[in-house]
Structures are given as structure tokens and as C-alpha cells.
Amino acid sequence: MKALADAIVKLLHVDKWFGNNHVVKDLNLEIQEGEFLTLLGPSGCGKTTTLRMIAGFEDATGGSIEVQGERIEDKEPYQRDVNTVFQNYSLFPHMTVFDNVAYGPSIRKEPKAEIKKRVTEMLELVQMSGYEKRKPEALSGGQKQRVAIARALINNPRVLLLDEPLGALDLKLRKQMQIELKRLQRKLRITFVYVTHDQEEAMTMSDRIAVMRDGVILQLGHPMDIYDHPTSRFVADFIGESNVFEGVVKAVNGELLTVETASGMAETQGSGFSVGEELYVSIRPEYLSISREPVTGFDLPARVKDFIYMGTVVKTSLDLADGKEIKYSRFEADATLREGETVYVHWDTHKSVAIKKEAEVEAS
Amino acid sequence: MTAKPQPVRKRKHSRLPLLAQAGPVSAWMILFVTIPLLYIIYISFMTRGTFGGVEHEFSITSYQTLLDVTYFKVIEKSFRAAVITTLLCLLLGYPFAYYIARKPADVASRLIMLIMIPFWTNSLMRLNAWMLLFQTNGPVNNLLLALGWIDAPKMFIYSDWLVMLGLVTNMLPFAVLPMYSSIEKLKKSLLEASADLGARPAKTFMRVTLPLTFPGIFSAIILTFIPALGIYTITDMLGGGKVLYIGNIIKNQFGAIRNWPLGAALSVLLLLITALLIFIYTRFARIEDMEVL
Amino acid sequence: MESHHSIRRRKRSFRFLGDLYAILMYAVFYIPVAVMIAFSFNDAQRNYYWQGFTTDWYGKLFSFANTDLWDALLYSVIIAVLATIISVTIGVLGGIGLKKFRFVGKKFIDMMIYVPIIVPEIVLAVAMLIIFMTIGVKLGMGTILIGHCTFCIPYAVVTIKGRISGDNETLQEASMDLGANRFQTFWKVTVPSIMPGIMSAAFLSFTLSIDDVVMSNMLAGARQSTLPVLILSLNRTGITPDANALTTVMIVALVLGMLAVNGLQRHRRKKEARLAAEAEKAISTAGGR
């Protein structure tokens, strides 16, 4: 963990109201220099608003925003040392690719020869050399995207803001661009602040993810961290797939909790819980174990419902005793499982997560 | 943290862009539209001066005059003409608009341009052309005589009929354009869905096309009816002073007759009718459809 | 259920009827134009009826003998050009501003914009006339100009508003993000990107102004009239064919101008497409992406 002094962007107690809507609530976030940080969340969670406040297109109602130690809330967008890649690219339709990319430098009145050199460099960087004279309308989505990136990066911003830039691309292209963007970021070592609602995308690209909901950051951390140790039900649900049980702690044995759920007795690792406390237990589909016989420890009886073949994995749906449906996934179909069969579900208690019932836990 | 919104601390945005952009147009509208219109309402309640002009004495004489038989007849006549004109424009214009809207986009825009070109010529010259056509010894009469459909040349000119023709031909584009715009926005998939559900073309038209293109139709009504009410050049040119509509009367009050309050009152009447139509429109349609212009 | 054949036959006859109808409609629009052009060749002092073919009137027209006509045309054109410049400037700025900003009384102004479009021109003209006469402003080119601008500006505003989409908002943000201030953004990004709209508005204003009768009639001074007003008064005594000749020349010039502009646009687009294709080929042969 880097020292706090390295934080290049600091959001301190940032608040944003739209009329009577409290869209961003007392947000605190420190973004490290050179990191790829993603703001992830469903529509309306405030992630885009937050990004726009950093860029300068929205005024924060309260709190302060610092870039490299300088407060910037009172600065116009053109006075800030950050650049944005917009959702729909926002390339100037009446200018060629060259003029688009050269825009920033030309505003700063850099010498023409210098501009030409840098534009050529930039286009090469995003693999769009040769497209200088084209107009945006003659480009494909992926090409427009690259030009938009070049146009932003040519200004050597300390921070690059990306507002769901891959949303309009088809799946294959999107995955390709995700890798390209990540490589680019690594190579240039610029801080990327990325906004998306696609959790797979966030997991693929980010150094750290801030999961947002209703204007607050629910959890901030490295992708694997968030995946393996969600601190709220929402995060457990939102990131990847999860089976979530509601239950009551029946016994505490060191870090091993015995939990009574509507589907039966289960066990999980967890600390800080007391007997009688209500909680959630979350277990990923890939961490379930299925057996034909009851096992020691605990097990939940279940009936096999149906199978979905997804190419890479097979997802099996099972109905538990109380009717709750859970998902089990593995890489190959278990040829022995039959529909309607009764089996027993259990898991490694270290793989399941005990989650406190106060859903909103802010990142510290 | 759901307290009342804290006082908004905004960046110091200069007011200059707002003033520079929205300022001139706002100022112009207020100066040259709002104020004159208010003044004309005021004038309509004044008395006519002895030598023309206005005495600033409150009176409703002008409005009473409107109820006078002769004026009332003119108003009623103008109304009837405007209504018939509008109906004709709708009936004739809708199929035309539909026809164009079904064509591919580039063909359609060229067809629309083709409609516009005649209207770049001076409208008065075009009206004069209709006159020349329907002259007593003009082509139409000669043709009818030759065909044996009439015995003696008919007096088309200076007739209500010719004025109607002038009105309809002049107003048609104003009807066709908004209707075209509305029909063009109609998604083909809706018609397909209707057919898929078993509706024959006529039914689809009545239950899907027509209702969905209603905004365009209403725009057409507004853009046709109101000008038809107020126009005087057509009646002037084709009616030769014999056919009088509201527009002519208003104009005359500011010319030889010099009865400003009466002219103002008639104008106010037109304003009221316009306002009424707009009111109905805003209740039942969306304002964006006005931007079909 | 109808058979395939009869449905197809019905469809075909519908299409034929449709075409026929369209042709009839266009005829209705173009017949007056044709007649007007034809009568510019009329061998008569005044156009009442056809008296024979002659091209004399074109000769007379271009000898500038009929000063009334040319004076009126010049007057109309000057007013139209001025009106266009003023209206487009105020209207475009206004269209942008009204779409972007919110301020006290905006709804009122929005409504007022539509008034000159909807309300019969005579009412507007009369209202302005009364004000001018009450204040004591002398009627003349100034008052006509004001009158014209008053109905041209709303058309310009509406045209521009129709062309500005939400896209424009983000383009301006992108420009500011890249370091351009509001003034630079306006000239380098906003205006160029709505140029087609501006051209449209300018064309519309010009056409409306040069063809206007009502305002020009009511707000005119005693000395000079615009071309349409002149024609209106000529109508009493009969229109001279050189007026037809002038109108014909005007429309021909306009159409030719249109075609030229269109042709230029198409040429430029072809050139761009060619450049794009060449670049494409260069890239693929160089083995790039």
C-alpha cells in the first residue's frame, strides 16, 4: 500500500445535490498516482457524476477536490490538468482526425511542426496512423474510440478520466479494447479513472475498484479482494455471481460460525459475530461441493433442477429444502447428475463469506 | 446524511455568455412583439379620433361594431373560407405527404425540395398567374369553350372560388411539410406489427397511422388555418377588392378608413382565435412538433 | 382471403395511383410558375391575356429602362441581406442560448418566439405600425427591416434549435476539457458544427424577407417600395411582362445557385471519400490495422 502522500486525486467529503436528489453523499476517495481505478456501480449510483466533478462539468455542492495537492473545485474544465474520454467519443464532426487530435495543442498555440510530430506519435500509439485526413463519420466505433483517446492523451494529462468508453462497442471488440487500454495505461503510467457498470470489465482492467451505490462507496479494494471478501450483500451480488443466505448465528467457535438458515444449518468462517446475530452468508457457485451422501460438518439437502450450458462452464440450478434456488458451476458437466436427483450441498468454510447485516459499509 | 441540501456553492460563472446569447433575442421579442401586441390590445379599447388616430378614452365601440351585421358577415365568411381551405389542404395534402414519406430518405428530401422551389418565386406573381389562367378570355375558359362544357366564358376571376383556389395552393406546402415530418417518423415496425396481428391495410391506417401522425396533422391545421384567416394579399389580388376577408378589413382600417381601434379589435379577435387553437394544441400534442419547420 | 395475384395487382395499382396523384400535386404547384414564365414572353403592354410571343421584354428588362422595377428589386435585396444578417446572428445566438441556459422568464421568451410564426402577419404588422406611428418613428427602410427581422428571427431560432442535439453539449464539454475556453469553444466547435443549420436559417430568412408583402406594405414609407409591394400595386393597373421576366430571372438564378451548391457539396464529399479510400488502401498494403 503506497503512502497517502502519493494520492494524485483526492475527493474529500464531496457532496452533490441535483435539486432534491442527494446524488453523491459525503464521498471520500484517494486515487494513487499511476493506478487504474474504476468506479463501478449500477445506473444512478453517482459514478458518472463523480467523474464529471473531477473533470469540471459539474460543481460539487460541498466538499473539496484536489489534484496533485491543488484544490480545483473553482477551476473551469479548461483550467484543469485532467482530460476526459467521453462515452460517445465526442469527436468534432467538422474536423479531420488530425485536427481533432491536434485540438488541445493548437489551443495552447504550440508550434505547428511540434504539433504535427506529436499527433503522428499519438496516432501511432493508438494504431490509427494514416487516418489523419479522415472525418469522424467515416470511422468505425472502435476507431473513433482510439482517436478520442489520442486526442486526450496528447495533452499529457496527469489523470485521464474515462466515462464508459467501451459501452457502444460489440462484445469481441470491447474485450479487445479492454486489454489495449490496460496495456496503454501500464505503458504510459498515467492515472486512469474509469467509470463502468460492467463488473467483468472492472475486474479485468482495474488495479482498484470502488463499488458505488446510491452515492456512496460501498467497498474499495483490489478486484480479487472484493471478489473473495465482499463486505456487503450488494457487493457480493453485484460482483460476479453469488448464492446468498440469510441466517442467524447459532454458535461461535473461534472463527467458525454455525448459522441457521431457512434452507438448513450451514457453517462459515467469520469474525466479529455473536450468537443470535443476523447475517448473510455468501458462497460463489464455483466453490460449492455436491455429493450424493450426507457429509460431516454440515450439508444442505437439495434437488437438481436444470442445467445451463454456457460454453466455458455448466451452471446447475438446485432447489434447497425451503425452495430457495442456488447455482452451482463447474467447468465440465458432471455426467452423473440427473434432473430431479437429491444431493447434498456443502462448501469449504474458508471460501464462504460472512457479511454483516448493515448493508452500507463505507470504505475506510 | 440526508439533511436538507446545503447552500449551493457554485463556481463564479460569468453571466456574459447568457446575456450575449439569449439576451438579444429576448430583448427583440419583448420590444417588437410583446409590447406592440399589448399596445394593440390597449388600442382596441380606445375611441376613434375625429381625424383618425386615437383618443385615449375607454370604449368598447370597436367590439360592438364587430357584432354589426356587415362586419359579422365578413368575419363569418373568412372563417368559413379558412375552415374549407384547411380541410382541403389536409385532405389533399395528407396522401401527398404519405406518398413522399414512403420513399427512401434521399428521394424524399429531393421531392420536398421540389415542392419548395415554386415557392421561391414571388407569391404575388404566382397568384397573378392563376388570374391569367382564369381570365375571361384566358386558357381555361377557352379550353372549356372548345370542349363544349360551357356556352359562354365564365367569370372566374374576382370570385370566391378563385380566392379559394389561391388560398389552397398557397397553403398546401404548410400543410404537407408538418404532416410529412410526422409520417416520416412513424416506425415501419409498428405497421408490420399491426399487420402481423391481423389488421388489413385500411384498419392499420385508421388505428395506427392516423392516430400516430396526429401531431403532424394538428401542426398542419395551425399552420394553415391561422394564416388563411389573416391573409389579405390573396383576396386583394384574386378578389379585386370585391371579396373581403378579415385581413382586408384590418388593412383598410389603417389605410383610407383610419379606424385604428376597429382594426385593433379585429386583430385582437384573430389573436384570441390563435391563442385558443394553440391552447388546444398544447393540451393534446407536444411542442417539439412545431419545430417541423 | 385474397389471392396473391389480386393483392399484387392491387398494390401495383395503388402505386400507380400514388404516382399519378403526386404528379397532379406537383402540377398544381408548378402550373402557376410555368404560366408566369410563359407570360414573360407575352407581346402585350400589360398581362391580361396572351397576345403573342416576344422576347422584347427581356431586352427591356436588361436595359434597365424600368427603373421602378430595378429600384424595387435593389431595395428588396438590400433589406433581405440586412435582415438575414441580423436575424441569423440574433437567431442563432438565441437558439443556442435558449437551449442551453435557464433563466427567469425563459418560458415566456420561448412562447414569444413562436408568436410571429403562428400569429397572422397582419396582426404583427398592424401592432408595429401603431407603435411606430404613436412614437413618431418615420416609416421607411428601418421600419421594414425591423418588421422583417421580427418574423425571421423566430424561424432562425426554431431552425437552429432543431439542429442542436444533446450531442452539442458534449462537444462543447470535450472542447473545454481539452483546454479551450468558452469563447474559443463557441467559434471553433459550436458554430462550425451547426453550420448546416446556420445556412438553412440564412436561406429561410432571405427567402421570407424578399418575398414578404404584408410587413413591407404596412411599414413602408411613402417613397420606395419593395418588389412584392410594387407588384401588388401594379396589379391594379395590370402587371407589365418585364416583371414576369425579372421574376423568371430570379428563380432561374436561384435554382442554378442551388444546383451549384449541391454540386459543390457532392464534389467535396466525393473527394473526401476518395482520400479516405486511398488512406485505407495505404494502411492495408502497409500491413497496419
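So that you can tell them apart, the chains are marked A, B and C in the order they are listed, and the count of residues begins at 1 in each.
In this section, a contact is a pair of C-beta atoms (placed from the backbone, for glycine too) under 8 Å apart; a residue touches a chain by one contact, two chains touch by 3 or more.
No experiment lies behind these values; they were computed from the predicted model shown.
The innermost chain, defined by the distance from its C-alpha mean to the mean of all protein C-alpha atoms, is C. The greatest number of inter-chain C-beta pairs in contact is found between B-C. Inter-chain spacing, taken between the CA centroids of subunit A and subunit C, is 53 Å.
Subunit A and subunit B have Cα centroids lying 56 Å from one another.
Centre-to-centre, using mean CA coordinates, subunit B is 18 Å away from subunit C.
Under the contact definition stated at the top, the residues of subunit A that touch 2 or more other chains are 76. Shared interface positions of subunit B, defined as residues touching 2 or more other chains, are absent. Contact residues on subunit C toward subunit A in their complex (touch as defined above): 167, 170-171, 173-181, 184, 188-189, 192-193, 195, 272-273, 275-276, 279, 282-283, 286, 288-289. Here subunit B touches subunit C in the complex through residues 17-18, 20-26, 28-30, 32-37, 39-40, 43, 54, 92, 95-96, 99-100, 111, 113-115, 117-130, 132-133, 135, 137-139, 169, 172-173, 222-223, 226-227, 229-233, 236-237, 247, 250-251, 254, 260, 263-264, 267, 270-271, 274, 278, 290-291, 293, going by the rule given at the top.
Across the complex, subunit C is touched by residues 55-57, 76-78, 82-84, 86, 88, 90-95, 103-104, 107-108, 127, 129-135, 138, 151-152, 155 of subunit A. Interface residues of subunit C, counted against subunit B in their complex, comprise 18, 21-22, 25-26, 28-33, 35-36, 39, 47-50, 89-91, 93-98, 100-101, 103, 105-106, 109, 112-124, 126-131, 134, 146, 149-150, 153, 155, 157-159, 161-162, 182, 207, 211, 213-214, 217-218, 227-228, 231-232, 235, 239, 243-244, 247, 250-251, 254-255, 258.
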